[in-house]
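Each structure below appears as structure tokens.
What follows is chain A paired twice: with chain B in the first complex and chain C in the second.
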Partner chain A sequence: MAAVESLAVAPDRDPEPAPLLAVRDLVKVYPGPRRGLFGPRRELTAVAGVSFELAAGETLAIVGESGCGKSTVGNLVLNLIEPTSGRVAFDGEDLSATGADRWRALRGDMQLIFQDSRSALDPRLSIGDQVREGLDIHGLGAPAERRAEAEAMLEAVGLPGFADRYPHALSGGQQQRAVIARALAVGPRLVVCDEPVAALDVSIQAQVVNLLTDLQARLGLSYLFISHDLSLVRHVSDRIAVMYLGAFVEVGSRRQIFDEPRHPYTRALIGAVPVARARREPRGRPVRLSGEVPSPLDPPPGCSLHPRCPFATGRCRAERPLPRRQADGRSIACHHPEAAA
Partner chain B sequence: MTSPVLAIEDLTVRIDPPGAAPVFPVRGVSLQVAAGETLGLVGESGCGKTLTCLAAMGLLGRRVTVASGRVLVEGRRIAPEPEDRAARDLRHRRMAMIFQNPGGCLNPVRSIGWQVAEAYQLRTRSDRATARRRAVELLDLVGIPEPARRARDYPHQLSGGQQQRAMIAMAIAGEPALLVADEATTALDVTVQAQILELLRQLQRRTGMAILFVTHDLGLIAEMAGRIAVMYAGRVVEQGPTAAVLGAPLHPYTAGLLASLPFIDEDVERLVPIEGTVPALSALPPGCAFAPRCGRAGAACAAAQPPLAGDGAARVACLRPLRAA
Partner chain C sequence: MNLRYAAIKILRAVLTLWLVVTFVFVVLRVTGDPTEQLLPDDIDPLIRDYYRTAWGLDRPLWEQYLKYFQSAFHGDFGISFRNRLPAAEVIWQRIPKTLELGLATFAAALAMGIPLGVFAALNRDRWLDRLTMSFAVFGFSMPNFFLGILLILLFALHLRILPSSGYGTAAHMVMPVITLATAFAGSIARFTRSAMLEVLARDYLRTAEAAGAGLGRRVWRHALPNAAIPIVTIVGFSLGGMIGGAVVTENVFAWPGVGRLLTSAVADRDLSVVQGIVVLVAVTMVAANLAVDLAYGWLDPRVRVGARERTR
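After this line comes the complex of A and B, so read on.
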């Protein structure tokens, strides 16, 4: 009985919570250009078999460099693009065979915040009407009260009295707040945040980041937080998935990833971030990668990092490493995770 | 002390928008960069850092002009523009700039080898064959693999990182005395950015060029620049050795920027944002431009603009700095 109560009060504290979101072997392959004029069509593998779980109230960040497929994962989870294979389950419900009507209802539970708030907002609708639109679509609350509801939501994101203004009259930070208000007005449980503050100046970023963490604590939201900014990710996330060329190379807790990174790519990525204050002594040797990310049209055989990795061996060139659960609970896809440590 | 490579003296830039009152996006900025030195110029979008660079390069336009002050490179005037041959010559031979967006700065219908050779030829007045040979060496120097083959490639065949390397090859061809890098690595991924930063440091050690390194990223400044100047709303508000400014800032704006940043090697309970927003250029407050957002501001701050004061090394434009300069 006590266990049931604690589950109801604080599901995120439970040691074995049922995941809100469970993703299994998600793959997305796009048809690529032909090799030569009449040659065979090449394939672009944007996401090459990704699995993860997200608990209620938790923030999982997906980090990686441009083109690694992190935004594609977010879009696949929300079914904005169709996966080539793999399954997504939301609150125990398998979404692979879900019809359009059910999806419409699910949209109220799963929302998205983009990087570019200017193009995410309709320039010809007032901010209040845009927040209210979601309530209308999902039939939330009495029609007469939706206006007040929208205004209350705008106040919650720090835009009191903004309901009659239009997007062009708002600064970039205010526009992003309006996007957040619109996403949260319909009462979602999962929010995919795709680079939510990347377009904002640093002094404004902090305002929006604080708003996102406050709203999460108040509303018990789960965030799938997609970002290239590792310092920001450390600040907002419970767990982190590091992505390279379409696959997760290391998934672990914030402490594991930032204080004791083990995959060579994670080490290189964290080591490459310039810091404004004196850096604490990093544990282990810093890893320097050579060259650049290969084209996903022409991925290297074996481990996709091997052409850039200082620890690569013959096995790395021949065999793709699969994610393996380690003793400390994290998962690493590397043949020689001890080499970089 | 030897005379600086770049000296910006009390520079004010004026924009005349059609049918509107003029605005002054850069107001009374003075900066110096010595040979072999990197000065970091940091600030948020719209603070005037890019216009300061363009003025330093003599690249302002018809409606964007130098209202007062001047820019000297190796002791000779670049701005206000003396439209004579000597000034143009100086700009071609001794100064170079790299931009954030290399794709937009490379000529799409010429091979990168051709473009690097052209830059080398302009700077050194060498013959075409020498320039072509030198271009391949430069592409090799900036870390483009198989430079002889890649020299025949066109910009669209290169990745973003390689385009940026090609632009750096153009910029350093003929060994300019001054390199202005305006958000030169902002568009790159961190692992490639680390490579480009290392390349710039190596080149500087070799040629002793002065670098004006402009960015919004305080972390980048900490890694690249020995000295830093912080700009806010068109003015330099604080200037000094990078470690001192970032370690113990004097100006409330610098301190506010640092407090609003998350750090990769430290858990911060809560970020402390700077409340409010940057004032519009057309509606700048009469006193300190930061006063409306500043927790320490008093009546005097709103009345008059504080000058950049202090001893030679550390200077701050604030009536109530966080400690005595």
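After this line comes the complex of A and C, so read on.
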């Protein structure tokens, strides 16, 4: 088992500098409902051993169906949920043993943008006060200048003169811009975007996404971009991790995932995207999966995809495939990646 | 919008009061001729007729109602049979004592209930939460008279550190206030907990945590202000329960307030005093509810800012 190379940190083979974010074997298990009244508690494995790296200035998208655990990964990275096991390293600093005080200081470097901007803003505080709050918390700039700084940040996201307004007076797109201004005001290096535009109209989505990519280019941000929307992910990401039932099944560059998907689940997912004007057909036949996603309370043994996968063999039913790095740099967790291709 | 909201609420409060005052009149007339209840059975019919005329009971019902309503509006509920003073005056003398008890109870209940509820919500589903909530349930399920008697047994009879009953020093207030505030604090704690849990699950609190806001800032700046509306509601509505509890508690501790006056007036069939107290309680309740409604306008920025932005 140790001989199997995971897609995680491999410093001896990677001559590049340390990545901004390195996550290794992250696991989150929740206590589930009891079996019967006094029976043992079942366990719900939301994240089952996830490893990845994120370089400075890079965007890694995590895609998957709802409930696959992608949002949990984002929350684990930011330590908003305590991991059951595994490590997170930020800028070379191992965060698994970090105390509360250090974490509070680190939060200036790592920010979060939520899906539902209506609920992400405090209804009782003005937009300006909320953008300013991060500056107050982290003691950035002179107190007298923070107000002006918050207004400048609001202007940068296209909300000039909005500082005195309250969230309910803003449209959905404006609220999400305010959320972005609040996250970026403290000058983070990593931003976890958890379905940042899913609650917006499609016409507004493009504006907000373009704002995010503009700000990334200007400020050199790294994004961990969590989304179920593949066409959106195609637009923003450098690399993509495909997640199924708590684990990454395939991680590769945007081109690899969209043009040459190899894992059966990735192929099914990519094949399901309606393409308005296909520039190039994805190579290989699209895969059709049968049945529904199993409950994470009762995951199938072996490969979690095997009950639905047309290529499943006896080995798939018995042994869980670990992510393996391929010759082209991507990694796939499948016993028979060639069968699918 | 804001003014209309207030106007509607005030109109509704006035309407409620009118209904209560009318209801008191109807009940008193339906239960029979007051002269038959107040005068001996074997009295001379001439004397009975004299009193009927003197009290205006020979007039048509609508005239009686108008006259009653007019005097009730001026706070005149007639003469107390017991001590020959205007009923309003008799009640008025007792109000400060009940108010004293009520305000102390209110302050004590808020000071206990809100921190307990916040504490329980922050420790959700842990044993500290369960323990706190068990106390809260115990608090408001314990009948006032029983808790009061237990306290007397413990502090007055057994430990001999507090006077068992009566009015006068601050020591006299301790047990009645504990008795009344326990139930009140229990319900405030429960509602604070559930309001806090709802707010704590909101994304803006997770965002505040992700932004590096400490626990104190998250609770005081973000969670409590947003949880305030349901808490204010329950505090306002519980005032009614507190008035009912005051009647019992004042009797247990021989506290010379309105509650004790009510029980003695009922026992003495002192109708004008009972009438006056019923109207007083109704006014208190309606005023508390009106205050809650108007507080929404102040607590909810959607109402507050709506008005401010229009004037720009």
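Quick note on the criterion: the second predicted complex is superposed on the first by the 320 of 341 C-alpha atoms of A that agree within 3 Å, B and C clash if a C-alpha of one lies under 4 Å from a C-alpha of the other, contacts with A are read in each partner's own complex, and residues count from 1 in each chain.
Throughout what follows, a contact is a pair of C-beta atoms (placed from the backbone, for glycine too) under 8 Å apart; a residue touches a chain by one contact, two chains touch by 3 or more.
Just so it is clear, the model here is predicted, and its values are computed rather than measured.
Engineer: Using the overlay on chain A, decide if chain B and chain C clash or can fit next to each other.
Structural biologist: In the arrangement built by aligning on chain A, the partners chain C and chain B fit side by side.
Engineer: Would you check which partner chain A:Tyr166 touches, where first means chain B only, second means chain C only, and both and neither mean what they say?
Structural biologist: second
Engineer: Check the contacts made with chain A and report whether chain B or chain C touches more of its residues.
Structural biologist: Higher number of touched chain A residues: B.
Engineer: Of the two partner chains, chain B (first) and chain C (second), which one does A:Ile204 touch, if any: first, second, both, or neither?
Structural biologist: Once the two structures are laid over each other on A, A:Ile204 reaches chain B alone.
Engineer: Just to be sure I read the superposition right, which of the two partners does A:Val293 touch: chain B = first, chain C = second, or both, or neither?
Structural biologist: After superposing on A, A:Val293 lies in contact with chain B but is clear of chain C.
Engineer: Could you look at A:Leu80 and tell me whether it touches chain B, chain C, both or neither (first, second, both, neither)?
Structural biologist: second
Engineer: Tell me the contact category for A:Leu121 with respect to chain B and chain C: first, second, both or neither.
Structural biologist: second
Engineer: In whole Å, how close do chain B and chain C get at the C-alpha level once superposed?
Structural biologist: 11
Engineer: Can you name the residues of chain B that touch chain A in the complex?
Structural biologist: Going through chain B, the ones touching chain A are 44-45, 145, 159, 161-162, 189-194, 197, 216-223, 243, 246-247, 256-268, 270-275, 277-278.
Engineer: Across the complex, what residues on chain C touch chain A?
Structural biologist: 202-204, 206-214, 217, 221-222, 225-226, 301-302, 305, 309
Engineer: Over in the complex, which chain A residues touch chain C? Could you list them?
Structural biologist: It is residues 78, 80, 103-108, 110-112, 114-116, 119-125, 133-134, 137-138, 166, 168-169, 179, 182-183, 186 of chain A that touch chain C.
Engineer: Mind pulling up the chain A residues that touch chain B in the complex?
Structural biologist: Spelled out, the residues of chain A in touch with chain B are 65-66, 171, 173, 201-207, 209-210, 213, 228, 230-232, 234-235, 258, 268-280, 282, 288-289, 291-293.
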